[in-house]
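By letter and in written order, the chains are A, B and C; residue numbering begins at 1 in each of them.
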Amino acid sequence: MTERRHDRAFVRTFFTSPTAVEGEADSAKMLRRASQLRGMQAPDVWVPDNEDATAPSMRDEGAENIIEVVAEAGADFPGEIHPRMVWHRDSPATRYQGFQHMLQIADPERGAIEHIDGFVIPEVGDIDDWKKADEFFTIVETEYGLEEGSLAMSVIIESGQAELAMGKLREEMGKPTNNLERLFLLVDGEVDYTKDMRAFTPTGELPSWPELRHNTSRGASAAGCIAVDGPYDDIRNVEGYHERMTENQAKGMLGIWSLTPGQVVEANTSPLPPKTGSWLLDVDGEQVELESVDGVELYDGDRLSLTQTDDGYELRVGGDTRLLDEDELREELHDLTSYVPSMDDIVDSMEEFEAAKEAGRGAIAMEQAATLRIGGTELSIAKDRMWDEATYQAAMTPISLFQDVYENRPDQHDELNERYGANVVERAIEVGL
Amino acid sequence: MTERRHDRAFVRTFFTSPTAVEGEADSAKMLRRASQLRGMQAPDVWVPDNEDATAPSMRDEGAENIIEVVAEAGADFPGEIHPRMVWHRDSPATRYQGFQHMLQIADPERGAIEHIDGFVIPEVGDIDDWKKADEFFTIVETEYGLEEGSLAMSVIIESGQAELAMGKLREEMGKPTNNLERLFLLVDGEVDYTKDMRAFTPTGELPSWPELRHNTSRGASAAGCIAVDGPYDDIRNVEGYHERMTENQAKGMLGIWSLTPGQVVEANTSPLPPKTGSWLLDVDGEQVELESVDGVELYDGDRLSLTQTDDGYELRVGGDTRLLDEDELREELHDLTSYVPSMDDIVDSMEEFEAAKEAGRGAIAMEQAATLRIGGTELSIAKDRMWDEATYQAAMTPISLFQDVYENRPDQHDELNERYGANVVERAIEVGL
Amino acid sequence: MTERRHDRAFVRTFFTSPTAVEGEADSAKMLRRASQLRGMQAPDVWVPDNEDATAPSMRDEGAENIIEVVAEAGADFPGEIHPRMVWHRDSPATRYQGFQHMLQIADPERGAIEHIDGFVIPEVGDIDDWKKADEFFTIVETEYGLEEGSLAMSVIIESGQAELAMGKLREEMGKPTNNLERLFLLVDGEVDYTKDMRAFTPTGELPSWPELRHNTSRGASAAGCIAVDGPYDDIRNVEGYHERMTENQAKGMLGIWSLTPGQVVEANTSPLPPKTGSWLLDVDGEQVELESVDGVELYDGDRLSLTQTDDGYELRVGGDTRLLDEDELREELHDLTSYVPSMDDIVDSMEEFEAAKEAGRGAIAMEQAATLRIGGTELSIAKDRMWDEATYQAAMTPISLFQDVYENRPDQHDELNERYGANVVERAIEVGL
């Protein structure tokens, strides 16, 4: 069975901080500030970044800063801590520098390693390059009497060869001459990947690389690792960040890089089911969320209109108008609408299905009803969905994620209780176990 | 050469039936009913489903029902019969149960195996897991004196590791210690795949997994197997089912799961060329089929309008209006239209190309002319397409599929003759051979 | 390090010519004409095509024509010359014919081989089939005293198995029993690939195969090769050809097949940065290029309108109208616009970043300002973009391509100087070195 070998089965957020900033009185200022994050602002995985976020000339000082800040604040940090070292598939000198920094940081006398869960290795190449890094982890562990394989290794996928290497993990992990079972996160690094693939776009915007993200998610699934998307650098664009995360979730990539505490909040929240359910209306190919007012779901845009006539209804979408009787209209609206269930809805449905299964029934229909108002015209519709074992199992993914968060992030309990209400939270952490 | 080792080179339909339904006087009722399907309602591959469609507690009874119904009705069933067994990459107990059911069903004394073409193995893992299943097939065959490799093995791809395994088939098939040449169908199972990949969407709808479908089609192409898409569970949505199949055909995935006889009819028909050709008009990015009335192709929607003015034409698409002279308009309409050839058209073109090749010409132009009427304005256009050997070869795929159907499914001859007319059918089964 | 082992690091154009045309006084007419192409009309790689472009009965004559024309005109041809031989993974006879033609063409006594850079092998299968071709290259080289590995081998990817083989190049190249380091171009051949995958579309149009193109680009990146897309046979459709190339560039596939000198010009030009920058406006999902008039960027379509009202602005997109104050409007337009930088802009930004780096700064903001006029309403906006080392490196790709072109194609210097001006060219060939 594809085993998960780490404390966290899900990681929503991967937050990097520069380890040493030049020209500041305290070069560790950014690290110190990040180490104090709590609750929704604190990431699942915090990455003191001694690679790209830190100037090359500051990286030795950065390694020292990691030791100092983690020794001091690591015990109380609510997420895991995985510093990023320097590494490059094409540079032995860079690899040796990364090894030296790991040896330095992992020295138990310095007091940091007991709070460190693993290291992040960027710019890996093919699988034999991953093994070189793994070997340095093993040496560090044996040098300091740590258990072999106890330090997690996460990698940044930022080359075509690393993308291909993910297809080989399953056959390489568990071989007697490596400890690749230590692999934890597979993180896409689209900026350097774009460079490695020699791709470009007219405006300089990054390509969206859907195939890479699929392959990373698949590699994680096959090897018991966790897939994480790279940085989204249009920091002010919260909507765009959420769209990217929704896309990723449909690929099984549930984690994402965060560059600011604000992005951490968004990314910690995005994979959690919403507090309240909502109805979507397909308006000429675009999903529009309806506004819920006094139990009625309102659409008040201009692109779709509905008017009652003497002998039925007139439905206009874009430039096309159709005359429908009530049954036809109901069927049409049935097809055009969909429902986004709340946490409460999901837990309800799961409990209902569990009870039905207990009673010997393998499939039950769940109904979702609503009154829609489009323009001034109202109509009630109801949508059935069959739930069977497979539906139930698939619905379990966001719930399992929630349970993983709840177990590992007590610092977020208050915010979760506030979001969902204590009753829903209580049922959600029990359902499906 | 990548050999096809099975009777069917194409499979359009994969239809599952529960093997044992609780609470019915006759628990084999669904099986019995399915075994009587004929013509377009009968699938190319019928799958008595002793896995997900049947409750776990009913599966021993299900195995018995398969034996009984197939022994009785199998000889007359027009498609192939491939029962689905239980299996799981993570559960030795499930694998052993699947093996026992196979041993039981394949016993020649019971009279079913002579009508059974193979078994379907769900939830396979990496390639070594596929070999475990293959080994059980081999044991079953030798136990009962069947030829080694004579039972086809089809698998359901519903995990990242199985998706990766498809990349290795070509190097694993033909090794002396396995009989993987028995592989027949590679079937995507998107519900459990979504669970394995830990993916989700806001509404609970399945992700569309384009990369998985590509990889399955490619795996089939490389290993001489046949790619089949998973179930489309929005059963009332016939249009959606057809859109999915059209998408799949562009990926080389010509088969699809069917959950009802109604879906079987749609899926048996979808990859066959249409009876009559039709013109498509690109209206603001959407392909609209024109209505053919007395030899004129009509567009009567609101989004695109065309009016003749004193000095030319005014073409309005969405909100944008352009003034064009007749030549410009003709060129514009040339770009906006495309033609969907009928079976008759395809056979015509192929015969014409064959004659030209015989006469020593390597490429010829095929013309397609039409009179369009948009609003009240009419204009005639003609489209040329160059046919060379490659065009001819590519056009052969739907014809080869038709020929495979015609040869293997005499029970569909009446419906095919009715659809196309006997003359077209006769030419279609001869062309290109 | 993934080494590039050939003179060209980038190939924009792959232009095929029939080697022998029947019924012409001079069967080598097309070859002769192509050999005279110069400047933007001359491809980076010229492919005398003794396979699909030439009738089977003419291929022996074709091989002779290649020798004659290349011996005569090869010394002066400005691009590389890579004739395409016959080959098929499923036909030993075809492979042997290809080998014989190579032996014939490569004979130094005939005077052609000194101008030939390599051969193109179509219809390859799995990696062992590639090795068969490689072995023939090695034999040809040793037979004639050429250096082992000196003839480049390019392949056409037109089967699922060849697509899979690209995932193995990295582990196969460099093995002692082959010379696969000779691999140069990985060229997609979508027509035959479609046939091999048994795919089709209703209109007979080719599927767009995004996953294949990704995998080819990735294979090239991992193995130090160059990815080239297949023929675009809608020759009159220049806009479509450019859209395809823009899509390919976002995948890292910077080369494309050209079927006519006109397509060569388009494809040689497409990956080069534009002479002048331009602003794009997102109009209801479509990117519209604004017209620049006297320093103002104009939008004069109908789908988006902007009018000033007493208390702000009214912005209408499609059917939806919104009232915004000036700040909201500026933010909205900020999000809807993007800037396509010119060669001059890119060089400027790179030089500016280099100076900043020299001065010890790791990241700087680059500003792009514009005055927009939509309808009669004007508004000024400014967009900042942070440049750090990674942005700089990524911006380098089109510049490196330009430098590679400039170094290897002196025959294009005049056209490049005319396009950009000598000053910009001079700076572009120096920046980043």
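Miscellaneous remarks
Note that in this section a contact is a pair of C-beta atoms (placed from the backbone, for glycine too) under 8 Å apart; a residue touches a chain by one contact, two chains touch by 3 or more.
Being a predicted model, the structure only gives us computed values, none of them experimental.
With steps allowed only between chains in touch, the distance from chain A over to chain C comes to 1.
Residues touching across the chain B and chain C pair largely diverge in numbering: under half of the numbers involved belong to both copies. When the CA atoms of chain A are superposed on chain B, the rotation angle comes to 120 degrees, reported as a multiple of 5. Separating the CA-averaged centres of chain B and chain C is a span of 35 Å. Residue positions of chain B touching 2 or more other chains: 167, 211, 318.
Chain C contributes residues 22, 52, 55, 89-90, 126, 159-161, 163-164, 167, 191-192, 194-205, 207, 211-212, 233, 237, 301-303, 318 to its touches with chain B in the complex. Within the complex formed with chain C, the chain B residues making contact are 1-2, 10, 167, 170-171, 210-211, 214-215, 217-222, 246, 249-252, 254, 274, 280, 318-321, 335, 338-341, 360, 362, 385-386, 388-391, 393-398.
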